[in-house]
Amino acid sequence: MVGLSVGEKHFIQGGIAQDLRSDGRKRLTYRPISVETGVLAQANGSARVKLGGTDVIASVKAELGRPNHLYPDKGKVSIYVDCSPTAAPMFEGRGGEELSAELSAALQRCLLGGRSGAGAGINLSALIVVEGKMCWDLYIDGLVVSSDGNLLDALGAAIKAALSNTGIPKVNVAVGASADEEPEVDISDEEFLQFDTSGVPVIVTLTKVGRHYIADATLEEESQMSSALSVSVDRHGHICGMMKRGGAGLDPSVILDMISVSKHVSDQLIAKLDSEISAAEVDEAES
Amino acid sequence: MGLQHTSGDLVGNMEVDAFRRLFPLPFFERYLLESIRPDARPLSSARDTTVALGAVASADGSALAKIGYTTMLAAIKMEVMTPSLGSPDEGGIAVDFHMPPVCSPLIKPGWPAEAASVLSKQLTDVIISSGMVNLKELSLIPGKAAWMAYLDVYCLNADGAIFDAALLSAVSAFSHLHIPAVSVTEDGRVVAVSGELVEGNLVKETPIKSMRKLTLSCIPFSLTCLLHKKYILADPTAEEESIMETHVTVVLDLSGRLVSFYKPGGPVHAHTSALQDCVALTRQRVKELQKILNEAIADMDLD
Amino acid sequence: MAGKSSSIAPTTYSPSPTLKVKKKQQQQQQPIFKDVDWVRPDGRSFQHCRPAFLRTGAVNSASGSAYAEFGNTKVIVSVFGPRESKKAMMFSDIGRLNCNVSYTTFASSIRGQGSEHKEFSSMLHKALEGAVMLESFPKTTVDVFALVLESGGSDLPVVISCASLALADAGIMMFDLVTSVSVSCLGTNLVIDPITEEESYQDGSLMITSMPSRNEVTQLTLSGDWSTPKIHEAMQLCLDACLKLGEIMRSCLREATSAPHE
């Protein structure tokens, strides 16, 4: 945990109350974001996102699988996050496991929508190869390299960038196979289908310190939080997932207020992220 | 929750409680001298026992058994399996006994209780060796398909005589068991027709067995007795078990034949006459339990 | 537990063998959930919760315990402690809350492993930690162990409510009882207190855990695609149901203390 003196705590809390945080930001300003795509050669898509001192990597791996019999027209996506022991001293040994599980669950909730797949940021129907028989399974892995607060937003952004970097091989299905048999497929080495990521939401976490809430809290600021609300918002302002962290309770009216603020913040974040991702892809193509 | 033994004034009560905690053995021996136990039972009688059938809707057969505060929940799930080569015309029974952390302060999550695996084995031995269930009845197509009955017994509240309660809940679950109806698909697979519809290809259904119940014979019942000096205490509570360590578990079937006899060490070296007394007590107890089970079955049929 | 239901408030019901309910559900395989006027498999209206049966003191060796039965969802929770923390733990001047949720092997329709449910354990912890006055038992641990005997939908909300009842039964100091209710979104409909079947077809879900008398939300999760007015509506539904569930839990506790000791 972060060890802070009483004076430092007061400084952080006082700064937030006066809308001037320790690093000069306003309450709802994000730290500078940098995006780098195609960082892992083995994965179908990957990206590295730095948000101030927070550094995360996300990778996407696609494999052919069988769709769930309840939803024969949808592919499957799983998200798993790992916290590197180098990111923070408390992640050593099994220390990071609980946080990893929490982040994985939160990301699944934010990006994959309801159990029926409705409202998923990732278009699951696009992953189907042969209905009821074959689909793409996406394995999304996140790695926390360095932690300086607001991991969830950074991971959400990294996954969005990695997905837009993902190319899924084109599959040619042999025609004429009867309905019962396993379809024969030919996976192309050259042709890749680009993934549509316009619907992938961003995650905005508002951390409540004192009576105010701030966006993109650093580790020091997070240590002063009473509670936090993470909201995932897509381009159209729809809420795709939400969860609360921290022990203290929140008044329902405060929650509704935080939702509307996070929608407002998400507009700027989506715009910023889009320009960073396209810049990163240009960089990758040039190098 | 405490056992209210005397109706003295508050101060007197506190002193008795302190004496009970500090000197449990002398406390109990005083009672034993009067041939009575702190919960007002005579030495040879068991606690109130109840059986409720059909406690778990998601299982094929289930029962909740309570002996005093000791509570057991048993449930059976049936699955179709391929019978072993050695006995192609027999099904199987798999028994598992669980002591989840809810049941006792001594059990921590992730550290399964030692007693649980011992009791699993004992339960399996008694249920299989008593011949209560005719394994041939669980056969569907000899050599091809047979039922596997997965019996799971959960201890919800451990307050002594755990084996007795576990066995009672297990036999009750078997007497409540409804074997699902099955049919054979065209490609020779056996599917249960009660549960979810199996995907697609149910072209030709041949119902080979409809829903039915097992015929149980030689149902085993048990009684655990504590041995202390010359006393025999039937159906001990957890407190009694922690103070007096020698116990004997006798399992008899309905016709009075001995199925199992278990005395795991302990400081008391029992005379054969004491053991015969235990068997005699068990014989009485079997009649009680049989009556309780039959009443539970009758109640169930009424609903 | 189930056997000794003597005098029960009108809002609760006495559990009975549930075989018949099971058969009824099986006949109605895959109803058309998206229609505006479908009937829920158990015949409830959309905004009608299952009857709640609650009882404290299910396990006599625990400091406190509770049994909850909401339809086919059956949960037992034991609370142990405050007792000595594990040796490896650092000194702490506030108490610790340790939560564990596990399932029986026969809880769901397919036989499972009966192991610990890690996600629910941590969610239970988060839901309770804001309500329990940890400073009232320094240096020690309170263990909250939950076992889902049968899973019939809305398992986590039932576990959370039942756990707070068990904590109250154990005399652990809390700011308020914690109650939890979930809502499923199926097509355009909001369905409160969903059963397993409804949960497997849901497009979105919202679970709210609140301290009703303080009007505070201790835990909230939402998945699926939601518009703001819908969130508003669902939150109101949940909070209202939480308030009512809190009343039922209070009357259950009152009944337990006024009843003569056994």
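Per-chain residue numbering starts at 1, and chain names A, B and C are given in the order in which the chains are listed.
The working rule: a contact is a pair of C-beta atoms (placed from the backbone, for glycine too) under 8 Å apart; a residue touches a chain by one contact, two chains touch by 3 or more.
Note that the structure is a prediction, hence the values are computed from the model and not measured.
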Checklist entry - Graph of touching chains, which shape: line, ring, star, complete, other? => result line
Checklist entry - Hey, which chain ends up farthest from chain B, C-alpha centres compared? => result A
Next on the checklist: So the centre of each chain is just the mean of its C-alpha atoms; given that, what is the distance between chain B and chain C in Å?
Outcome noted: 29
Checklist outcome for this item: chain A to chain B, mean C-alpha position gap in Å, rounds to 50
Next on the checklist: Going by the contact rule set out above, which residues of chain C touch chain B in the complex?
Outcome noted: 1-3, 16-19, 21-22, 26, 29, 57-62, 65, 72, 74, 76-78, 80, 83, 100, 102, 104-109, 111, 114, 116, 143, 145-147, 149-152, 261
Checklist outcome for this item: Listed in rising order, chain C residues that touch chain A in their complex are 118-119, 122, 126, 129-131, 185, 199-205, 210-211, 214-228, 231-232, 235, 239
Item to check | chain A to chain C touching residues, read off their complex | outcome: 70, 98, 101-102, 105, 109-110, 112-116, 118-119, 227, 229, 234, 237-252, 255-256, 259-260, 263
Item to check | chain C-facing residues of chain B, complex | outcome: 1-2, 4, 50, 52-59, 62, 64, 66, 69, 71, 73, 75, 77, 79, 96, 98, 100-105, 109-110, 150, 152, 154, 156-159, 194-197, 238, 300, 303
